[in-house]
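You will see two complexes here that share chain A, one where it goes with chain B and one where it goes with chain C.
The block that comes next holds the complex of A and B.
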């Protein structure tokens, strides 16, 4: 059966070595699984001990508040269409904040990504600087940036847009640079061979390859930013979040208004999710 | 054993494979030649069910394998191994695991997705690697190997399937002449020693002449040549490739000078 006589002895050694390696690998994965389960169990116990209330007793009350909202919405069902109509102007403000911040954020994210991808960067020594920049932008929560900016600039949509744009730049900087790493460098080499400069190489060699992925991530980011800008409304950035906060405050009897806002918000996110899903699918797989 | 009946494949307006039929009895080494886009790859991919045929039947021992669906189609795929030009191994997994993938169809999903294989399977994979002379590569990642070695790993994966038929889609087009010869020798030995049918798409005529029992020439999706290698004259080749008088296969031949010398030696001996 053998083509090449490795020698019975050599073959036996090789076989033994490989089987031993398989055994070792299985042992490690088994130990890791045990460790993982142990950490999960002990983690739950610590969390339970640190909880002010009791998790198992508290969990049954989780649905009390949503139940209140549903009860009140049903009781005043006639008011719902009016509430939904009233929620539309602040909703448009929220979507606008999200759109502006996505546009500005992804533009900066694209620049950060090109400057921080190995093999593409114009200044390879500064890769670390650009990477850490997008790390920092990503690490600071939007709500913290927004609170600081609202303190400085006053309440309104501008601080919210800036806060979300900064976070978006950091997040897309990371995502886009991973897209760039998977880009084929051969076209870039081809352009370099004809004497193209860095901007030309990036715009003509890299962007056509990565544009569908960039766009897809940008759309995903837009969805996330709609949610983020709704949340920022809670701290005074305007939009639908501000209305929701006012309506949700306990004991005002405005829970039916909150229900209307929830319906609008939910519908918006579903619509944009579906829409961006369709567009992303078309970008990835073509028109078919 | 293998009968291809009026098989066609249409991409949009273009007929990639246009109503081809042929019959193969016994474990022959079949070479398919033709220029790029002649439908060679499409035909092999239809046989392996990677591409769906537009019309026709392919009968293997009486069963129309183009009509199989689901689990039956996957079972057929496991009996008809495919070797690709670019090897198509999983680059980040070790060589032995890549070979073990040949058994995926007959093993449970749960154990295989965690790369858990029985001792017997692992030993078999290592034996096949030993047979192909690359046993010492077993623990390395597939991507760390040279092209010729990777193609032999792909052949080992094919052998692990214990297939009736081995389909090779331009198996040596990415290899240097030395490795190309080693891979073709290996395929030929599997053909003669194990009695498995091999159907190989080939780019070089001298390879087709040297290794094949029968050569099928495709042009624009149709069979324009079907015969023994001895009939594959320069004129026949011009017909297959649609080339004119200026076509000279020696200009791009990859055969080593030693081959030519060996052929020349035969002549005086035959004259004696």
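The block that comes next holds the complex of A and C.
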């Protein structure tokens, strides 16, 4: 009897506690939702108030500009292949910027990562320094470095490449060091026991383990960097973005040229996206 | 025996292959870099690079100069920071190293150098060299203590410029100007119009705490805050608004995209899509949106909505809807069916099944992706702001393009980096709180 009674009271307590907890949770998530909705609504209103064009007015005109481009491209359809052909050299420049900055950036990123992983670092005391370095490199938006370098080095691909490479070094530095943390340390210890130096331990003990992952991230980064170098071109760093800006600022009359550039840029991004997707898939799941 | 030999030769062949590859890859990279070296015209870069610009940038970023200018035609005197009209000292505000006495101006420079404007005669006293006298009536006459012109003087018949470690003097027929350099950012807190200008921090504090009201209409604290906020040189108020706009773009864009992408992701996920055709169409739409670069959306949208943060937010929203759609549908394809079955067995309808069977499973993953994206979009919003014309990105590009205000460029860069760090910390904190959770959050 007594047992049953306690049991019933225990259940009741439990039930009570559970319901209270559920209620508290509901209250919290309700409050969070209200806060979030309030932020979204007020944010939208502020953005609306500080924007030159009105949202509802703009949304009806959203396709005006694409329509202008398509109209002009169709009207001068004969010129389109020529424009696409003309867009190829700046496109190659854009891809070159992306490729060089990925190569150099991942190289430095790899070094940063090795120097900032516990257990692998050559100078364990400086791990913090290298981590902060890659944090800062990651935090500075490319445009900042690019614009400053354009002022010093003149407009062209080099400032963009340096800016993207620095950002890439920071981003891959962090990603690679996460990969390194999962590396098996036994080969490193084995190499150390036969008297291998730090460079040898890294080259022979760590790199073979992490290389596929590094490569996969580097490809992903290449994809991102193509987009970044197109955008930087728009603010004056050469390549296809710059041509696009020129065609656009000219406006009516050169929109067919803009259309050609749009097509080339879209095709490039999709092709590299797919290509790197396929390669990365292979790296992860084998050749199948 | 034969088998071992075959194995050995096979193995040796593999080693050879490996060796060739391990040399071929670096060699290929080297060839590519050589090609780029010439494609980017790096040899020509040396001639195009303007290292004097770099020097200006470095010194201007951490120092400012005060111009003491006399218009030689009207005889008018002015003392101003960076030669800017907005930063011209009133006669009673002039620093004490400039003494104006009728037609004579005595300017003291550091290291014992001094400059005197005395009617048409300008003399520069260079300790250890002597007094350089420049007379400007009909043309410019240079009078030196030594027979030949030293390196630090650049003289022609129309212009004389003296550049020393202590400052710079230039004389032309129309004007005489002396520049003196000071470390630090000028007028960062109070501009020349503010009653707090020229006070030390101790004086400011005592004025605020116990001093008499400088402006009868408001208290000293609010006067101080409004003077800093409305500083006409640094425009702190506008800068704070611009930072807010940038964060707002990232916030509205990221979370708006997440809210649009979530229902669409159900249509694109293999286990939820009503039909294969819809799934296929949704996936291609996501691919298309991701493929049309953010840059293109930004351009198109800025034509429709004009410059401002709304345009930037919409550009981020459109681009990210594609990425979120893909990521979310992949997360949805990984959900465990058992929980949905369980909910179904209690007689729940479709909405309830999704709400209690699916959302709790995927929410941590989705939230973590959204918060990651929020952080990276703060950076993108800076760039997008430069293109659409809003936020701190716009201020930065404007400051760089005018090439005059490098201390402002430095200031904006520091603010941007701090902003990104802050958003990084915030998104990390939210992720830990909401996802790993201590139970109170969700």
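The definition used in the following text is that the second predicted complex is superposed on the first by the 221 of 288 C-alpha atoms of A that agree within 3 Å, B and C clash if a C-alpha of one lies under 4 Å from a C-alpha of the other, contacts with A are read in each partner's own complex, and residues count from 1 in each chain.
Everything below uses one rule, namely that a contact is a pair of C-beta atoms (placed from the backbone, for glycine too) under 8 Å apart; a residue touches a chain by one contact, two chains touch by 3 or more.
Only a predicted model underlies this, so the values are computations on that prediction, with no experimental measurement involved.
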{"item": "Superposition-derived comparison: chain B or chain C, residues of chain A touched", "value": "C"}
{"item": "First (chain B), second (chain C), both or neither touched by A:15", "value": "first"}
{"item": "Touched partner set for A:265, first chain B, second chain C, both or neither", "value": "second"}
{"item": "Chain B versus chain C as contact partner of A:126, first or second or both or neither", "value": "neither"}
{"item": "Partner chain(s) touched by A:31 [first = chain B, second = chain C, both, neither]", "value": "neither"}
{"item": "Which superposed partner A:66 touches (first chain B, second chain C, both, neither)", "value": "second"}
{"item": "Overlapping contact positions on chain A, where the chain C interface meets the chain B interface", "value": "29"}
{"item": "Residue ranges of chain C in contact with chain A within the complex", "value": "29, 32-33, 36, 39-42, 45, 48-51, 53-54, 57, 241, 244-245, 248-249, 251-252, 255-256, 287, 290-296, 299-301, 303-311, 313, 379-380, 382-383, 386-387, 389-390, 393, 396-397, 400, 403, 409, 413, 416-417, 420-421, 424, 440-442"}
{"item": "Residue ranges of chain B touching chain A (in the complex, touch as defined)", "value": "96, 114, 116, 119, 122-123, 126-127, 130-133, 135-136, 138-139, 186, 189"}
{"item": "Interfacial residue positions of chain A with respect to chain B in the complex", "value": "1-4, 6, 11, 14-15, 17-19, 21-22, 26, 29"}
{"item": "Chain C partner contacts - residues on chain A that touch it in the complex", "value": "24-25, 28-29, 32, 36, 39-40, 43-44, 46-48, 50-55, 58-59, 61-62, 64-66, 93, 96, 99-100, 103, 135-136, 139-144, 147-148, 151-154, 156-158, 161, 227, 230-231, 234-235, 241, 244, 248, 262, 265-266, 269-270, 273"}
